[in-house]
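Below are structures written as structure tokens.
Both complexes shown next keep subunit A, but they swap its partner, so subunit B is in the first and subunit C is in the second.
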Partner chain A sequence: MSTSKEKDQFLKNLNVEELLGRQEVEANISKDLPMRKWLYAWLLDPNIPGNYQKSLDKWISLLIIANLFSLMFEHVPAVFEPNQLKFEIFDIFSVIVFTIEFVLRLYLAPEDEEFKARKHARLAFMKSPFAIIDFLAIAPFYLQFLGVPLDLRILRFLRLLRILKLFRIIIPAIAEFKELNKGRSFRQKVHALVFPSPFGGTAQVIFEVCIAVWVLLSVLAVILESVHSINYVLAMQFVVLDAVAVGIFTIEFFMRIYASPEEPGFKGAVAGRFKQFRSPSTFIDFLAILPFFLEIFLHHLIDLRFLRVFRLARLLKLTRGNDATATLFRVIKREWPMISSAAFIMMLLVVLTASLGYLFEHEAQAEKFDNIPNAIYWAVITLASVGYGDISPVTPIGRAMTTIMALVGIGIFAIPAALMASAFSDELAKERDALKANLFAILKDGHIDEKEALLIRSEAKRLHLTIEEVNALIENAVKEHELEERNPWPVHKIAENPELAVEHFKALLGQIRQLGVHTDRGEFERLAADKHHLSEHELDLWHKIQNKSS
Partner chain B sequence: MTSGFKHTLMEIMDGSPNHVASRWVELAITIVVLVNCSAVILDSVPEIHAVYKDFFHELEFWSVMFFTTEYISRVWSLGAKYATSEGGSWKGRRQYIFSPFGLVDFFATMPYYMHIFFPYLDLRILRVLRLLRILKLSKYNTALQDLFQAVYSERQAFGSAVFLLTIATVVSASLMHFAEGHEQPEFFGTIPNSIYWAIITITSGYGNVEPVTKAGEAIALITGFLGLCMAAIMTGIVASAFSNQVARKKAAFEAQIREIFSDGVVSEEEKETLKRLQAHYRLTDVQVEAMLQRAQNKTAIKS
Partner chain C sequence: METSPEHPHPTHPPVDTDTNWWFLLFMAFVLVAITWLGIINFTEAKKTEVAKSNGEAWVEWLTEQGTKRFEADYKIEACKGGVKTSDDAAKSDAPVLGTWGACLDYIMKNTDLKNQSNAFFNKPPQLIEKCIPTDFSTTGAIVIEDLKPTPPGSAIPFVGSQLIDTDSIDYKMQLRVSVCDKGGYAIKVAEFEF
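Right after this comes the complex of A and B.
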């Protein structure tokens, strides 16, 4: 029992929050530091967890991207002219932010690892490429104020340099990517860039974000294009945007196809690539670019403009790597027989209602129930409890029929929703069971090493478990574990805990069933029928238990 | 020899997994039924009827021939179901002919012959009868049986829901009749008409009949609210009954898997049994795999 006590102690000490890495890390920065050191520690030091360095980087890069867009739209007179003031205010705002950032970096340069050792730290900082870029990003604005006569076009070009500020994020990412992929083949590098893998690092995340931004942009463009007043003004820009988006998506698509033999489960130069092509997410990628090329190559044969609507399917590209959609597809695939049978019943009901409606109402209102397809439309609208009311029965018998069918319909049409809901929770329960089994194995030796902690963490993140849920799972696993080591547990002890008692009863029943499977049943019956062995009641019980299992 | 062929034919028509042909028969019947129903639906559109009249006529003739062949071969082959000692060949046939499926099969072909013998019958009734052929599909899809079983097993809950619904409908309909009967006699003049209004309001709500008096508006408001509750109750009962039914099937299957695994080995014969059971319970490979995994884990822990 001493090991058990140790284990209890261990479980009590187990800090799930820490295990899951969800703890809000308080940056440990003392207040007594000199002003410059303190500021640096809070804002720029990349080595202190919990300070503001990460979020500062994020917001600055968002501002850079916003700047890029504002620059793009300034070239469109229709957008620029009515909103000139807003553009100017935005420009001033971003220059102020960038200036503050630059001054801050300059002021804190002597604290930086890179420049600390130098004699003139600030001078060294000024000469570093990042500082030059930062300076160039704001300089034109001030030059303008100083009265240097600058052409508007040159000014705009200089403002374009602000994009270069993004290098502060991209260059470390590329360096990290190179470091991770040292000595790997070109195809492996492409794979690391486009597919999530341990070799991807930040570069892969940036790649995904870029694709997602372009997806959103191009879908937004398709939606706005359908508004005539906007399309009238921006037709050219939309065409260019679409072409660029398709270009990017095409490159992405071919990169994925090219690199797919590196993906586990897609072996083989041809077979693996074809399998990748057939996989849902890659096929969506293909469909996203297909309309564009079809229109280019076949426009002289047929009018394919209607295909443009399918550009909206690009939104589906965002489902790649989204857990929820993956679970949804898995659930649909798993529950397909039940979903299809529900659909089958719905079809029967619709056809039945429609044909009865047609039968009873055709004479009374020939213009509304003039054929069965119309009656089907009416039946679906009625049964799905939409009830537009544009077609409704008028004859008494038609109304009576509708009354009954509408009542049946609300029940039947709810089945798919219920199925999906229960399947979803079932799927989740299954995965939790798996996690529980894992926890079981992990907790067995009474300690959690780094690898195991990582496993729990990633699983908990994938299943969207809260800390309380993980705690409950661990408790559950321990309880079951104790049940498995039943030996030190006498029956009266099990009986103290009803929950354990139920489990124990289930296990005993299972044993009886197993007994029935292994034994020669005929012989058993013959012996048992002898009153000395089993009473009638007992034999009856035996039969009941055996029948339940077969 | 004939009895051997008869028996084989019976198994094929019955969809037994022992014959490859049974799958083809099932597929053929499904396709013919679907094509037929689409044809009936399209034929009711006057513009399509004008152009493809002859084609639809031809199709109808050949499919009736097909269904007649099917019906006759079913009736004939089912003679092999029971040996003479068990009740003779007509016992099986009688069972089939008066079973729901047998009746559906019979009424699938009957309208055509009726049309031949009674040419002045209303065409629309014939059309609707022909659409009932779609019920033939339920032979191959257990969904309908599942639903009936589910409803049957939850019949008490259904009973009380229907009781509540009846009360809600009758009360709101009669109140509406008193409130609006004089104002809108065409809609609320009789209580049956008001009942129709109440049920439509509770379920889908066409919105083409609106109360005009203040009292009527208040009653309509309450009816709408009641409808929300009633719809939720009905929906919940049907849905949970259906998923319970599914769960029951799965549990039965899993118990069988457990049994198969309890001795630790899976023989060829047991594999066959699994396949058959899987088809019977309409489970996907993924589900079966998960269950097998669970059963294996359980036995692994025990040993």
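Right after this comes the complex of A and C.
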């Protein structure tokens, strides 16, 4: 760290909220602006942080997606016919929102950077592709309202065009992606799109969101397929949805495999890709699509209906962006010797309880304790404190044994849970310590660059740290810096570096000399000689050092 | 906060190889293959939908007749309710009035149900006892079961048994129609009174 003053100033200026990207930016828009400018600044200007432009885009996007689903369900008579009024109300609501949006954009067009320079800004806006799409999204409704006869299929097709409104978000994201990836290879671009990296930008976020939405949709479909009344009506829709989901996941899977050599630690066209394939997240991706292909190709040979349940494994795809699962696996791996020991004791206890149960109860109730495997079921249910009560001991000795075993079981069965809980908490503490160490190193030069800020941001997100917690960690790191400045390094650390050791020796000699200057030399020598505090050699060395200084 | 913006562009030159084209070709192949498999799945699912609509047609006809077959002026004698079978008639080979056999015979000769087709085999759907997942010949078949109430206190309210030709239909019956899907599993179409 440069100087104490600079350091203090740096820490004073450090804004953790901004560093973590969680700052609530307040839009700086003057109230004195003319109405049109003011409205544009609040609602549509993409360059003013903190205004409502992003929120407006988000809600309009959600409404577009809801319209798509509404259009899809209109083709299902069993859903549409009883709810026709609700569908119509939703359509009217959507058209009202889209009309307000269209009129607003038309009114504010003279403020838009793209059109303000034109002679007739609004006319230029009307001729722009986005405005045409917006117009097409609402025009069929008004034409129908005015009595123009329109074929239902054409009407639905025109309504389907509403999805094109999403281009308002997608096109800027593509432009940003192109800019970020200028001069990069095709594989690097694919990598930037599918793996989180500084090159991904909004396009990568949209890609992740799209995959997550399809995961949720396909899992929801699997769950609803099990409801007979729903599956009976929507069977075809579920088939189409599954095929589309598998299509998307398969393309994503191959994109990840193709681009994996760009990932750090996955170098090599074949070895890197094979390593990527073996990684848990990619293997989950593979499992997500496998049932579809197996069912298609092998359903004539074996009954593969059970594989459909494995489509629920797609939910695991959502763990890709969440490090908690990886932490859990790390904890299990670390604590495996203890967990396996506990499992072994549990197994012993279960077998022992079951055998004793069989021994004591078989005579009294042969139909329930007819063999040891059945008794094992009873033992597990008893020891795990589940206690269904379908099998229970009736003999006095059997009951006595069960009482003891149940009490022991509470302790033994709780061990793995306690182990896991404490190991998980240890792991989190370790990770926080690692972040603290990182912060310690980062703050050393009194400067946080983009890369370091990115690291702090991603680590804080991964460890679910609040702004206050990051603040506390930074304060800790700063205190440790101060301590380090006050207290020199331990001797064994200095000894590791001979150059440092020489410097340290010189500093020590200087301190001894200073001691000789400031103390009463006669009294020092008398005490050292009389009480045998110093040996002859030590006293001789003292003289040599002091003589040199004098 | 003091930050130093870092240019995100790579320092090493990009390497574009033929692999890109192979990859794009492969992706195009994957896309075509999945579309093709999706169409196969869709076609198969459509066949199941045809089987379901066959079952629904049976349900519609039987439900409609069920509402009027106990009326005095009901015209279809073979399916009329309340007709008791005589022992002599039961011994003959011809379908006996008052039994399911006679009613089925009438249905298969005089109603639109005779024109139905099992889309899996392009032939009329057979009426079978139950769907069997291991037996693919049951795919697309129709199962009509007579649901008989179980004694009070039973865990299940009805027990279903296949309607056979000699079964009497002189009483208000509770029926269940199911069809067998692509995998030979039963899909319940409806339970209704006949």
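Worth a mention:
Here is the rule we use: the second predicted complex is superposed on the first by the 435 of 550 C-alpha atoms of A that agree within 3 Å, B and C clash if a C-alpha of one lies under 4 Å from a C-alpha of the other, contacts with A are read in each partner's own complex, and residues count from 1 in each chain.
In the analysis below, a residue touches a chain if its C-beta (ideal position, glycine included) is under 8 Å from a C-beta of that chain, and two chains touch if they have at least 3 such contacts.
All values derive from a computational prediction rather than experimental measurement.
Legend: residue contacts after superposition of the two complexes on their common chain; A:Phe254 is shown touching subunit C, with no touch to subunit B. Touch criterion met: A:Leu359 reaches subunit B, while subunit C stays clear of it. Looking at the shared chain after the overlay, A:Lys182 reaches subunit C, while subunit B stays out of its contact range. In the overlay built on the shared chain, the residue A:Phe141 is in contact with neither subunit B nor subunit C. When the two complexes are overlaid on their common chain A, residue A:Phe125 makes contact with neither subunit B nor subunit C. For the contact definition in use here, the subunit B contact set and the subunit C contact set of subunit A share no residue. For subunit C in complex with subunit A, the residues that touch the partner chain are 1-6, 8-10, 14-16, 19-20, 23, 26-27, 30-31, 34-35, 37-38, 40-42, 45-46, 48-49, 52, 133-134, 136, 182-183, 185, 187-188. The part of subunit A that touches subunit B in the complex is made up of residues 330, 333-338, 340-342, 344-345, 347-348, 351-352, 355-356, 358-359, 362, 370-373, 376, 381-389, 392, 396, 399-400, 402-403, 406-407, 409-412, 414-415, 417-419, 422, 430, 433, 437, 484, 510, 513-514, 517-518, 548-550.
Of all residues in subunit B, those touching subunit A in their complex are 37, 40-42, 44-46, 124-125, 127-128, 131-132, 134-135, 137-138, 141-144, 146-147, 165, 192-193, 195-196, 199-200, 203-208, 231, 234-240, 242-243, 246, 255-256, 258-259, 262-263, 282-284, 286-287, 290, 294, 297, 301. Contacts from subunit A toward subunit C in the complex involve residues 10, 13-15, 18-19, 180, 182-188, 198-199, 228, 232, 235-236, 239-240, 242-244, 246-247, 250-251, 254-255, 258, 269, 292-293, 296, 299-300, 303, 305, 446-451, 453.
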